[in-house]
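Naming follows writing order (A, B, C and D), and every chain is counted from residue 1.
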Amino acid sequence: MAILRMGYAHVRVTDLAEARQHYTQTLGLDEVAAVDNKLYLKGWDEWDHHSVVLEEGGVGVVKFGFKVQYEDDIAQIENRAQKFGVTTERVSKGEEFEVGEILRIHSPSGHFFDIYSEITSGQSDVGNVNPEAFPRDLRGIGAPAIDHALITAEDVGQMERFLHDVFGFWTAEKVATTLDPADQHNIAIWTTGTNQIHQLAVLEGPQAKLHHFAFRLEEGWEITRAADIMAMDDVPIDVGPTRHGITRGKTVYFFDPAGNRNEVFAGGYLSFADRPMVTWTPDMIAKGIFYHARELNERFTTVLT
Amino acid sequence: MAILRMGYAHVRVTDLAEARQHYTQTLGLDEVAAVDNKLYLKGWDEWDHHSVVLEEGGVGVVKFGFKVQYEDDIAQIENRAQKFGVTTERVSKGEEFEVGEILRIHSPSGHFFDIYSEITSGQSDVGNVNPEAFPRDLRGIGAPAIDHALITAEDVGQMERFLHDVFGFWTAEKVATTLDPADQHNIAIWTTGTNQIHQLAVLEGPQAKLHHFAFRLEEGWEITRAADIMAMDDVPIDVGPTRHGITRGKTVYFFDPAGNRNEVFAGGYLSFADRPMVTWTPDMIAKGIFYHARELNERFTTVLT
Amino acid sequence: MAILRMGYAHVRVTDLAEARQHYTQTLGLDEVAAVDNKLYLKGWDEWDHHSVVLEEGGVGVVKFGFKVQYEDDIAQIENRAQKFGVTTERVSKGEEFEVGEILRIHSPSGHFFDIYSEITSGQSDVGNVNPEAFPRDLRGIGAPAIDHALITAEDVGQMERFLHDVFGFWTAEKVATTLDPADQHNIAIWTTGTNQIHQLAVLEGPQAKLHHFAFRLEEGWEITRAADIMAMDDVPIDVGPTRHGITRGKTVYFFDPAGNRNEVFAGGYLSFADRPMVTWTPDMIAKGIFYHARELNERFTTVLT
Amino acid sequence: MAILRMGYAHVRVTDLAEARQHYTQTLGLDEVAAVDNKLYLKGWDEWDHHSVVLEEGGVGVVKFGFKVQYEDDIAQIENRAQKFGVTTERVSKGEEFEVGEILRIHSPSGHFFDIYSEITSGQSDVGNVNPEAFPRDLRGIGAPAIDHALITAEDVGQMERFLHDVFGFWTAEKVATTLDPADQHNIAIWTTGTNQIHQLAVLEGPQAKLHHFAFRLEEGWEITRAADIMAMDDVPIDVGPTRHGITRGKTVYFFDPAGNRNEVFAGGYLSFADRPMVTWTPDMIAKGIFYHARELNERFTTVLT
């Protein structure tokens, strides 16, 4: 298991004060550090230094971090990336705040992926000795951890090969033009290398864009309560609370003050390398995305940052 | 990731007809095959041929299966097992019904662990094309899949080394006599090699015994509803519904008609290889096991099969 | 407490076979009787003969029944109705299948309200001696009981007076043009005479129309699961699952095969005669109706039957 | 509907500071006033001045308040009480802090019941204009309101007649020695005069004692979360979380620092005057009380204050 998880999302926001309010008071992340025009945040159940970096100036994704367990894993992924034919660069330890040496991959989708094994690390907010089940006084939604992201790319098939060959990910679910593998064009893929039902999903669209990044909650009632908190805090909801057909997870999509789409996501089944891949056909895309409404709103399919 | 998951539990039951009723009608597993004095069962969300084998005659565990992804993984684990110094044997394809060639390891705990990469395989009950979120008409509790087991062993420290060295598992949580690693004696460990918070747990006790094996549910309300179904079906409940401090999962412990302890388990956090291990001290064991009552009943700590 | 509850909804459906499938298999009501072109249904937790009457031919509401406890209550309501100035008629015992003598009120809204104290009565599906918490094998959504209805009327203020003076209902919540009682025009009212947060709600609109009638579920997860079942059964969902600001209840709106709108409704607070009335202002209507999305779809406000 | 609800519980506690911590920080009630050796508290969703009075000195119940809608209701109940043959007294307005004139009934069970229609009144913590669904930042369990109490009495049959004749309550459920009404001796009764499944329950036992008084939550997950908070706050849990067979409600029983038993209670079905009474037989008492475990602990049946 080379890649442990999506370790961080680094996104641009138009106003850092507004973003701080949203991510720390509504989502309930911990503010770990504020350096120059950047905020570093983590969820209460995370032990690495940060999982979200907010950078003032614009909107959209700067890069995603993917953590590996061992330093050797970085070199292994570097080899695979070069073999695949994408550009890579090394970023020295400390250039990325609190993070060790980084392999930065220029993804075929136009995104930057940071591979790292070292980051300043502590413990979750409940600690490691006789911990309580959760912090007694959570703020707002109280999101425990980052979960995954959905990005867009012009060539989803190429990204599937990239994520398979370089990250060791498999496709848990896909939306394809037909069920015939020989003739199949992928419209979207949900990929992972662990039990997490998706670590990175890719949707056909413009290069280098962000559809959303997501935070993990545990149960359906927390999804409903998250939407309640958004109503109280005047956070614009895109869609939800509802269930995905794809992944079976429960969800709310909403926007941060800069217009980046967030998600809170709960449940879904466990992925395994040997589990048969699920395919959705074009006539069932809407049910796959929003299992209850079985229709897509235009905003959901067109607003990217 | 050599070991994908605990693939099957093979247990003895005193009466096959009673056991069939319990496992298929109350737990809601699918009966896949009945051969000689054995029943083969699977959950609705499993794609391998079976995850539970019930064998008439006695009580207790016969063996556990652990599935690996590739045939090569078997040889790798065989090497590690021999290096560790435990007895192993090869079981030819087909000797275990619908399973390929097996590496059978004689665990230091006195249990048998089957390592296999091949088993007759199909799809989950909702299929792989535009699947529904769950089967519309589930029976009883409707358990989707097997999850983990808790066994007893005289030497938990030895089992921790075995599971680490041979299975590649890490200890997610433990109950230890002190917090000082140098002087620490493990009373119980919860180990895994994936995001599942535990694949196998080991409690200090007699060799070769079963404390319980568990089925996965998704949310807390399903745990409550499972207990409701048990009340309707006169299934004896040991403890629950409640929450574990250890793993944070929600749980009901109950008994099959032969007296083997089952569990339904939901939630809990995701484990990662780099997540700091949690340690529970002896004074907090009861809260670790049963977070709400903070006391252990005698039955829970003494009834083994 | 003169009026116990909304006892039945009698609605028209275009096709009885389709409606039977929807109300008994998706909603999970019991079919009690089929007479001529009518089906009589009840929920599993109801003890009166029926709570829903489906009549083939057309669409929309025929009448609502309101049950009172004593025969004397009928005469008392008759007096109040005549004093209010609406037309009433007496319907002899047996004219309405399995119902005793009825006082039929011609509501100012153009609807017919049946007041009755006698109806063939039995017990809920779990019985009255050592009952289980719910029937072990529910069909589909498994709705236990009818709950309330929302109708439209040209003059909501007049309906509020009618429901107050004749039914003894108070307004638990309202949408009003201003907060100034002197200058206030009611756009919608939610009225009740018991702890049920609404027994009948009235929205400004055409006379004699039905917006929806609702079935009661207990918890939020049942609302989500109800939407899951609707997805599996191809039932068109109007809105939800979501929460109402008004009543705080959780909800899914959907359509029966004839196009009548149904709701499943769970939770909400208890109403009391002395509880201060809640007022919603026009700018907050959307949040009052759909607390999460804070926007109304056109279908929801225009489709009536 | 003469009696609206159980309006307040006035109990003794051994230490006011400890009790304040428990009732305001763990249960999450609002402290409204502190006068002499008494604390006055209310839940966030209550509008009357207080629903709990804590009086320093001893343990157990001082009295319960029952609110009626109109001043005339007081005289009506006074007449009924005198006809029944119990002692009553009038307590002048203001003698009970912030409460109007009171009819104090000496119940056959040895308890004092205050009947009142007037109490200083405001609004719930979310207000009456465009209210949020709940206060955004609740403390601890965040109990919205008091719900009911269970008291003991030597003669439960006499109490049933008293509550019927004087309060207008009916028995929703009972535990009786036989199913034969002619020969039936009541061991416990759950009585109400509204949709609340119980306003006051009576168990055979010593006179003038308190088994528990309860706070209302809405859903099962809140019951589990309440038990989590109790674990964090070292509140001793008696039983739960579990479900009652009787009332079907979800529950946790626990103790305040003085040893008075509290309950958080959610769900259960709606009671109606015409709903058939449920009877439990002696062999099923344990399942009726604790539906899952189907056994009673000795503490639950013997600890009274």
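The rule is simple: a residue touches a chain if its C-beta (ideal position, glycine included) is under 8 Å from a C-beta of that chain, and two chains touch if they have at least 3 such contacts.
Keep in mind it's a predicted model, so treat the numbers as computed, not measured.
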Chains touching both chain C and chain D: A, B
Maximum centroid distance from chain C, chain identifier (CA atoms): B
Which listed pair, B-D, A-C or A-B, duplicates the contacts of C-D in over half of its pairs: A-B
Centroid distance [mean C-alpha coordinates] between chain D and chain B, Å: 43
Separation of mean Cα positions, chain D and chain A [Å, integer]: 48
Gap in Å, rounded to a whole number, between the CA centres of chain B and chain A: 30
Multi-chain contact residues (two or more partners), chain A: 132-134, 219-221, 228, 231, 243, 245, 287, 291
List of chain B residues in touch with chain D within their complex: 220-221, 224, 227-228, 230-231, 237, 240-243, 245, 250, 252, 287, 291-294
Complex contact set, residues of chain B against chain A: 1, 4-5, 45, 47, 67, 69, 121, 123-124, 128-134, 144-145, 179, 194-196, 216, 218-220, 243, 245, 248, 267, 269-270, 272-281, 284, 287-288, 291
Of chain D, residues touching chain A in the complex: 132-134, 136, 140, 219, 221, 228-229, 231-233
